[in-house]
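Everything on this sheet refers to the single structure shown next.
Per-chain numbering from 1; labels A, B, C and D assigned in written order.
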Amino acid sequence: MMWFNLAQAQSFMPTEGTKIATQVDNLYAFLLLASFVSCVILIGGMVYFVWKYRRKTDHDKTAYITHNTFLEFLWSFIPLVIFLAVFGWGWYIYHDMRTMPKDALEVHVFGKQWAWEFEYKSGVKTGNLVVVPVNKDVKLIMTSKDVLHSFYIPSFRIKQDVVPGRYTALWFNADKLGEFHVFCAEYCGTQHSGMLATLKVVPQAEYDAWLEEESQVGTLPLAKRGEKIFSVKACASCHSVADASTKVGPSLWKKFAATEHIEGEPDVNVDENYLRESILTPNAKITKGFPKGVMPTFQGQLNETELNALIEYIKTLK
Amino acid sequence: MSTDSHSAHGHEHHYAHHFRSAEHEYLTSKEGIWLFMVTEILMFGGLFVGYSIFHNIYPEMFAEGAKSLDWKMGFINTLVLIFSSLTMALGIFFLQKNQPKKAAMSLAITILCGAIFMVIKYLEYTHKFHLGLFPGRYLDVAKVGAEHANLGMYFGFYYCMTGLHGIHVLLGMCLISWCLFRTIRGDFNPNYYTAVEGVGIFWHIVDLIWIFLFPLLYLVG
Amino acid sequence: MVHSHEDSQGHHITPFVVYLKVAGALFLLTFLTVIAHHFNQQLGVLAAPVAFMIATIKAILVILWFMHLKYDSVTNRVIFGAGFFFLALLLAFSGLDIWTRVVEYSTL
Amino acid sequence: MATAAAHGHSSDKNYLNETSGIWSWLTTLDHKRIGIMYFISVMFFFLLGGIMALLLRLELMSPGPTIMTADTYNQVMTYHGAIMVFMVIIPGIPAILGNFFLPIHIGAKDVAFPKLNLLSWYLLMTGALLAFSTLFTHKIDTGWTFYTPYSIKTGTSVVTMVIAAFIMGMSSILTGLNFIATVHKLRAPGMTMYRIPLFVWALYSTAILQVLATPVLGITLLLLSVERAFGVGIFDPALGGDPVLFQHFFWFYSHPAVYIMILPAMGVVSELIATFSRKTIFGYTAIAYSSLGIAGVSFFVWGHHMFVSGQSATAGIVFSFITMLVGVPTAIKMFNWIATMYKGSVQMQSPMLYALGFLFLFAIGGVTGIMLAVLPIDVHFHDTYFVVAHFHYVMVGGTLMAIMGGFFYWFPKMFGKMYNEATARLSFVFIFIGFNVTFFPQFVLGAMGMPRRYFDYIPAYHSLNTISTVGSWLIATGFLIGLYTIINGLMKGEKAPANPWGGKTLEWTTTSPPPHFNFDVEPVITAGPYEYR
């Protein structure tokens, strides 16, 4: 069957990446079994009665049964007991899920249309990539810069909406090495389905090395730093850089020094000042054929050096 | 007890074909009106729930908002509306007593009270506009000298609640005018005044909502 | 014709003086609200509940006598009461969420 | 009884041919004609929403852009949801079958307020026109849930759409109000509350929900418009508001709304099973009270749509607990329906096939509903295709199956003609198989973690999505065959007898189609609705 060749990263239930995921799957297995049994009773009973008591002649005598209090009590009470049992079981797991560990590694998560930004306490920032050590409590402190998003790691069976104006939190303790999908599960606009990130679980030593390396960004050449910022700010989710294809906004490939047609204004030559303006006040000039008001402003989010680095990087896109 | 039988046959009201009697039609209509009133309560109620929640979250901001309202205006308006409720109830009373002239008079006074209420409301609104107290993002924080940056939310509630209430007052006035017209035309009698009863219940709901709006918006801060 | 028992609660006439008494009470309570308002400082946290209580009493007066619910059928009373019940439900459960949230802080 | 044959009718006069001309329809106060008008308009809306569903499935057939852009996908998804919810499933059974049969079922000549009844049709039409007008301005892309702050920020015609939903809500309120008053006041002599058919009990419970829940949606949508126009900040976090509060307000209506959609379907199924088993319904009182019970409890459970929304854990636990309770009356109904067939005489006519299809699909929809009510399971499944599959099993597998069954069951009564049984059965086969092929893989997709409202997906989800898309074509074929059956029946159907199925409820005692005032003689009721002795 087709399902077998899907059995890598995201098979029928995805890989269990945490202990809680295993607990959730056990409960789910019980529910599946119980559901299957009840469906067999209900649908089997239905099919059996339909066949057994099918109409034979047009004058069939039928029994006159109005009700049976004992039976009706039974099939109200038994489901109730089962429902309450699974509620209790669920509560138990949910309690673990929602109780934040102390002394966890805290990572800040920012959702924005349409990318995830991560910020570590050391100041390291990444875009659409979060690296965590294995077997360690990790707490994500999350907020959104614009609309609702939802941080969803299928392999860990956890999900939490990311709400602007306040912090929500998630925690996990990954016990498997590897890369896991992160999805945005709350509808957030055009590129909602493209708002993906990768969660990388690595050994502690590798994690430390990675963090160290990431902290060295300041010493890189300007264009390289620009490339880094370009990825952290997830500019690539809207602007392509390798060819002229259009995503949400105009492609930046071979854009520098080209002539740009502006909606309702004379054409401009793409120079440093134009790029600067387009990053800080994106709605001042809109490229022909693109809607207004889609790109958010980066005013106050980038300092002068970062801005220069970005412009230098865009210059290199040929 | 039920209707006085001597006048019952004097003017027989022609009830709709699917009812068994005029009485049957009257009771059914009244139930319909009450059901409609429930929807009014729940619709306004949504605003009240929002108000209570945010009042709890931002008590000081709400206090600042309440201070910038003139409670005397609200007070006068409360008295006007209560009086109009009385005349509305009396309008029905006079119809029940078969005194259509007095009933028409009561209804006219009710409409007049509604108009007075709206005039005072208009004065209040224009005064607020003059001061720059607009709802939401249009509130001029600098001009008003607001201590809380989101004072616009209080005025959002203020304009939503009083505005929706005002629309109901206008609607009520139109409905009462229609009742007044029909009273003068002689449509109603002690056995048939369903329309006035229904409009009356609507008008009292409008009064009822104001009874809560007045302390919530003008006084509690 | 068909006149069953349910039809008998149709047209109740409230005496004139009852209307006047109710209106008088309503005016009095309005004054009382304003007087209470002037003692807001002394009342402290009670200011809001007091104002709300007075408003509720006024509302009940209007509902029972002006809207004739006192003489109306049980069905209509249940219908109208249901509105307030479900409103309270909306407030209670929204409030339950908002006032039991665990606040998370940024540690940056 | 005193009132007898006040309005005499010759036998060939009925509500369809009593007056003629389009104007006589547009100004009619006859509940049956209004029901037919709803029938035509809802069928049209269903066609539109269905075409959009097919487009969505076609787009999802393979990863990456297939036939449309991401923006177009989001718009089509929004309109599919809004049309199906506000214009098809909510008015569906109550406004079409309810309007037509509720007064007849209780032996009344009409609903309590015929003018309001007509007004609610016009309101639905106005709302629908307004909603469709946004197709020609800035097509909205918020999803039918209008979650803030996205719905505040997006540059599309949200305000128009929201006002349209408000107007359609008023239509729903007026229908509900009318039904409550009708059931309370217009029952024929001897028709006690325990002698009304279960379809009426279901509509009555639905009407309570319509009246009590819809106003809150109204004020929520108005506040959303105000938010967009003035930025008052009640739902906008940037101004100190709370977007989660919007969800509370929204689901306070929209959870009861899912019972507005399913309760009437349960009522239809109760009728079908009793008639086609030729047996009195098992546990009348239990089914009647479970309708009321579901309606009541449904107001206490809305927070289960918000387990991961940022709602507090305490509220989540309370809501999860109460949600478990709402499962019980639903289970009671399932068991009682099946027990009704015990020692019956089951005839597999097409309406009964649809009823059995309902039981099958609703059982799956029900057990997956219980899974979703369990907190940690929902955390994983929330906003994934598991939820999409679950509510389609309930809304389509439940409500639409019941609508189809109800149409075919009452078709002879409504139009006085029989339809072609063979094509009706064929349509069932296609819809039933197609439905399972479309939506069962979506449970698996959801378990694998595919979020809903996704225009694009990772390659691992490809094959199941393709299966699902193929299934959607089968469903479409089934509905087209159903449409053909209806049109063919209307054009060429044989004349229907007054009681083709051997039903015991009141509509079968009058002629097919019924006369203008439903009964030539006002019925007097002396026994319950399903007296098969």
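The rule we apply is simple: a residue touches a chain if its C-beta (ideal position, glycine included) is under 8 Å from a C-beta of that chain, and two chains touch if they have at least 3 such contacts.
Small disclaimer: the values here were computed from a predicted structure and weren't measured.
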Pair of chains ranked first by number of touching C-beta pairs: A-D
Gap in Å, rounded to a whole number, between the CA centres of chain C and chain A: 47
Between chain B and chain C, centroid-to-centroid distance (C-alpha), Å: 15
Centre-of-Cα separation between chain D and chain C, whole angstrom: 35
Where chain A touches two or more other chains at once, by residue number: 166, 168
Touching two or more other chains - residue numbers and ranges from chain C: 1-2, 75, 82-83, 86, 90, 94, 98
Multi-chain contact sites of chain D, meaning residues that touch two or more partners: 3, 184, 212, 216, 240-242, 244-245, 249, 310, 313
Touching chain combinations (by label order): A-C, A-D, B-C, B-D, C-D
Chain C partner contacts - residues on chain B that touch it in the complex: 1-3, 20-21, 23-24, 26-27, 30-31, 34-35, 37-39, 41-42, 45-46, 48-49, 52-53, 57, 71, 75, 78-79, 82-83, 85-86, 88-90, 93, 96-97, 190-191, 197, 200-201, 204-205, 207-208, 211-212, 214-216, 219-221
Touching residues (chain side chain B, partner chain D) in the complex: 16-20, 24, 27-29, 31-32, 35-36, 38-47, 49-50, 53-54, 58, 134-138, 150, 152-153, 155-157, 159-160, 164
Touch list for chain C against partner chain B, complex: 1-3, 6-11, 13-14, 16, 19-20, 22-23, 26-27, 30, 33-34, 37, 40, 47-48, 51-52, 54-55, 58-59, 62-63, 65-68, 72-73, 75-76, 79-80, 82-84, 86-87, 90-91, 94-95, 98
Footprint of chain D on chain C - complex, ascending: 1-2, 75, 82-83, 86, 89-90, 93-94, 96-98, 100-102
Chain B-facing residues of chain D, complex: 3, 6-7, 103, 108-114, 116, 173, 177-178, 180-181, 184-186, 211-212, 214-216, 218-220, 222-223, 226-227, 230-234, 239-242, 245, 249, 517
